[in-house]
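Chain lettering (A, B, C and D) follows the sequence in which the chains are written, and residue indices restart at 1 in each chain.
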Amino acid sequence: MGGGIGAFIGDAHRRASRICNDFQLIGGVFDVDYEKSKEFARQEGVSLNRCYATLDEFVSGELALPLGERIEAVSIVTPNFLHYAFARKLIENGFHVICEKPMTTTVEEAEELKALVEKHKVSFCLTHTYTGYPMVRQMKELIKDGVLGDVQRVDAQYYQGWINSIIHGTESRITGVWRLDPKTAGVSSCMGDIGVHAFNLIEYTTGLEVKRVLSDLSPVKEDVQLDLDGTVLLRFDDRLKGVIRASQVAAGEENNLTIAVYGSKASLKWEQENPNYLYLLSDTEPTKIYKPAHGYNSGFAEASQVMPAGHPEGIYEAFGNLYKGIAKAIRGEELFEGEFPTVQDGVRGMKFIHGVVQSDKDNNCWVDL
Amino acid sequence: MGGGIGAFIGDAHRRASRICNDFQLIGGVFDVDYEKSKEFARQEGVSLNRCYATLDEFVSGELALPLGERIEAVSIVTPNFLHYAFARKLIENGFHVICEKPMTTTVEEAEELKALVEKHKVSFCLTHTYTGYPMVRQMKELIKDGVLGDVQRVDAQYYQGWINSIIHGTESRITGVWRLDPKTAGVSSCMGDIGVHAFNLIEYTTGLEVKRVLSDLSPVKEDVQLDLDGTVLLRFDDRLKGVIRASQVAAGEENNLTIAVYGSKASLKWEQENPNYLYLLSDTEPTKIYKPAHGYNSGFAEASQVMPAGHPEGIYEAFGNLYKGIAKAIRGEELFEGEFPTVQDGVRGMKFIHGVVQSDKDNNCWVDL
Amino acid sequence: MGGGIGAFIGDAHRRASRICNDFQLIGGVFDVDYEKSKEFARQEGVSLNRCYATLDEFVSGELALPLGERIEAVSIVTPNFLHYAFARKLIENGFHVICEKPMTTTVEEAEELKALVEKHKVSFCLTHTYTGYPMVRQMKELIKDGVLGDVQRVDAQYYQGWINSIIHGTESRITGVWRLDPKTAGVSSCMGDIGVHAFNLIEYTTGLEVKRVLSDLSPVKEDVQLDLDGTVLLRFDDRLKGVIRASQVAAGEENNLTIAVYGSKASLKWEQENPNYLYLLSDTEPTKIYKPAHGYNSGFAEASQVMPAGHPEGIYEAFGNLYKGIAKAIRGEELFEGEFPTVQDGVRGMKFIHGVVQSDKDNNCWVDL
Amino acid sequence: MGGGIGAFIGDAHRRASRICNDFQLIGGVFDVDYEKSKEFARQEGVSLNRCYATLDEFVSGELALPLGERIEAVSIVTPNFLHYAFARKLIENGFHVICEKPMTTTVEEAEELKALVEKHKVSFCLTHTYTGYPMVRQMKELIKDGVLGDVQRVDAQYYQGWINSIIHGTESRITGVWRLDPKTAGVSSCMGDIGVHAFNLIEYTTGLEVKRVLSDLSPVKEDVQLDLDGTVLLRFDDRLKGVIRASQVAAGEENNLTIAVYGSKASLKWEQENPNYLYLLSDTEPTKIYKPAHGYNSGFAEASQVMPAGHPEGIYEAFGNLYKGIAKAIRGEELFEGEFPTVQDGVRGMKFIHGVVQSDKDNNCWVDL
């Protein structure tokens, strides 16, 4: 659904699905404009019979086919506000779904999708791409194995700078950016788009749940309506605290997502821009650098890189690992825990986004997730 | 004052003063135990006539000497609770003072010292050592020159891990650590000892003042009475926000003080553990790495390294730069702005420490500094 | 040709061709064992009509098809000793060829292929993968633009460690490794397999030709017949000198290929394991870090990354860039200079390999290439 | 001897000796111009009685004093060509000597000094400063402990760029630089000044002796008479080979001395510009980063840093460690092996310099050291 000519994220999904070698593009609705959709189908060598004008036609057309020929999984790469309706319809009709984030626009919709996924027994993958990196998976496994002892502090950061040149540019350019418009972007820009990745990474790697948040967000410039920058204090169970820092106007930052998890026995640090390096720090031993494609890694991490050590795989391969995960799920193969983000990650993400926006509005009070 | 046999920080002061080549150790009160004090004097080749038993004897003894022979400057490296009384007496008698941090135990004492320094026209150096690094000074100069445009976000971190092994060790070791005891350490451990360095670095490099703080501190372990870890939200003027993160129990971290200042046009990042690298990020140009001993640096930064480029100078040299600064001040030479931290930095630091402790106690509310 | 079930490099070629989105796997000879070849074809969804038993059948079968349906390009991923014969036959019959390195086993064969490629006007891509990285291409462009002034020194390194554990393992494992056996590996192991990549990278980025070599190679262990380690002195025109260092037994090194080109005005440094960082050093300005997906890069570098800045692309994407290059050549589109390595790179590589082996045999004398 | 007003290296020696806290500046011959020498003495608070006009006066003056008052150790920081004569006279009269490198101008002089040092039983320290870094010492200890297994390859580099701007500047500036003039610099510039440091570091850390060298040197520019750049192939015993690369015209390089020692079991890598990081690589375990001031280090490494972990000490502290070593030797205290470079290191260095110049002249043949 979506992702036709000129669509950036659709292209990323196609490349990811091709790398992992488990998917073939058979059909879809590639554009609201049916002519453009067909042009795209021709380019990609997709049969025009399977290039549908609308979601309804897609569903009825595919359901009319015998089970073996029918499209099994559908990627939703439409504008955000359509995710929910499209996902709902597809799940209700038994299609497996790969959905771009944010999954929905409200917590209620997210919970509804979750219930539907369970009811209809389909697989659902939310593309929190960064969980596909081998060393993020190794981090998860090391924490699960108790290498850190008790987690004592969590610190994640997601700094980008690309919106900085927009807000300091001309007025017309500002209004042109849909992320800055509450009508299209929803309740949050920075936290909704990137802060939520940091949040997901924390819950993914630690296996812990954030219970409460206190946030301090900023639109940075007067004429901006949404948050472009902010800090979120995190409260887990008991004594455990943490922090998420995020910005879309950190001049010169590219895609600087980092996570540090500090434990009673040791600590782990990872950076997205150098994804093949995982640092294990301890008080008593030299810092250790874990890298992919080594026998010392967990089976899950090892299954997440194809090339030998020192041949850097990157973001497409991480993305491909998610596609590979849901492919395995669809085929009923045994999965590693966390091989792809699920509809539950989507529910958690929506709670986070709405929680931090609420806290900021209420003068930086604590909000339960 | 203090710093005799076995004293760590006294040794650091001596080395720093020797490197900068402007000081000579002539006399002092090196230990509360006069015999030990004299033993130290002998070791260091200090005349026993100038090795005094008490501060009072020191003051009267030195004042009895003709002006040209009299000790000009005194380093206070006693336990924290003595700083105020010693500094007061020395300032009132016209001695220049180099004082370890924290300067005092209360904001009121700090402000009183400030008034005394102004009244008695002495020089006063508070040893926020990190401001002595050439690249910290270059950062200050670049920001002053407007290279970043308007500052939009400030993010500083100070992570250490050395107390981690203590709190997870035996009970007896915990009580043995004076930093964990409110009676000796004062109102705060983590923020008072290291958070305040991050705070100072922010105000030093940006030239801006923090107006309000909201903090979330943690003793991490049940049986600990003071904060060992925490996050502080910062509010400057107007829209500008920032964050300080600090921990003394971040397992495996050594002395990981970092600062990032993000501006409307560019950003600067610096890390204490690799102090000779300063990164200038921008949206439109390759990241630039500033290093000491290059013609492209400001005069202030250049004056702060002796060796040619690529010969790494470190913490003692940074420390020595502060000593050199106050030596220049005592001699009445022209100073760069910020050549040594003053009594005013001490006042700001005390306000910060007490502010963050207050905010944490009051359920993470905003507190004015 | 080749690359069937269990074949590592064939898999890499398939992924690379799929990422670049310009190729479809239509047919081939996937294994010497025809049954295995057909099994592979079924797995990949390749029509069994196009799964041939031998190269001869492939050629005659495809030539029998109308031009529009015929396979246009063939990847040769067979064992090394078959490259020449396969390439020759394919070129002579008008197929475009993507060939794994080493291209041939002798200089003469290499020159013959070069003549055939010119005669039959086909496109020929030798997979020196590293030239597909955006920052390697940016390096080439910066040097071409004169940013370095005159090149004064070239220093390349290729250190791997994976054979180290083999030579210190059991006897049986040693004989099992075809790279250590002159019968299968040819005249050289280390220089033939990886040294030649460093050589290629030098000639690629500088646009200069190595005229003479003096080498000092080592089998490292008594019972090894081929070089596993060595240093090669390089002589270009006139005064310019350089050096290549390579090892397959540098314990713990993964795939540490680096290049530094020093010029009269500035210098450039790049490392394969962190391929998205290119360092420009100068005597008078801060070091600059070039990264992909920025407006400051050349058009060629920019065309070599798809994702926005900070989303690390890796080795498969570099590989895909070569496939994209030859696809453009086949379609007759305008190419950047150096968009894929050609048969001429293969000729140069064979001259290098045979030259350094000769020099080492002749007691480290100079040998003309 | 030497090191008066405006002398760079003399200043470094003074700072180093002061940091280590074992030396006091009592007297000397600080300048050939006696008036300047006295001016310097006044500045430094040195008694004019001990400020001598000539070496002869120094020796007779000091020897006239009772043993306990006499100057014990003398630093030679004169121009290179005076080192030998000064050292000889001082040694013969029983003074301990700290000598700048190069120790002499010929191998014969070096061997003569060595014989005199042994005969007169004085301590002699040659200031190969880099051996004073804690992590270089840790490297030596790890190798001695067999952590690497058998050494299989050694690769050292020393790249600087500061002469580059000189040779591409005006003619007058070229002739003004004494390092480029054979009359003052001796037989070699690059190898004599910095290549020899790399050589020393190799022999120091590995405990192995280089037996033969083959070199390829370059003056880089027509009008330069000495080598500014070069590569040296090394042959140790048996199969072991290595390489040294050095340049003084590598544009933009600061002081990039590195060493990598590859063993049968593991490898070690160190870089002078980031001296507090030592990397241990192995085929089977994550790379480990050793840093100073940790219990996991050897006693020798631990004794070489004063500050706690994460407080970077630098080049002056390394230098101070050498001064501390010879102080211990003079006092007859027990030394770690390698606590300061000796006259024997000076002999080896002269053999290296003359060997590589010889090899280059003889068309890159092998020369025994």
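In this section, a contact is a pair of C-beta atoms (placed from the backbone, for glycine too) under 8 Å apart; a residue touches a chain by one contact, two chains touch by 3 or more.
These numbers come from a predicted model, not from an experiment.
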Greatest separation from subunit B - chain, by CA centre: C
Intercentroid distance (Cα basis), subunit D paired with subunit C, Å: 42
Chain centre separation (subunit B, subunit D; CA means) in Å: 35
Mean-CA-position distance for subunit D and subunit A (Å): 55
Residue numbers of subunit C (touch at least two other chains): 162, 253, 280, 284, 287, 291
Category of the chain touch graph - line, ring, star, complete, other: complete
For the subunit D and subunit A complex, residues of the former touching the latter: 280, 284-291, 294-296
Touching residues (chain side subunit D, partner subunit B) in the complex: 11-12, 14-15, 18-19, 21, 24, 45, 160, 162, 253-256, 272-276, 291, 306-317
Contact footprint of subunit D on subunit C as seen in their complex: 148-149, 152-153, 155, 157, 159, 161-162, 164-165, 168, 214, 216, 218-222, 229-231, 233, 239, 241, 243, 245, 247, 249-253, 260, 262-267, 280-284, 287, 364, 366
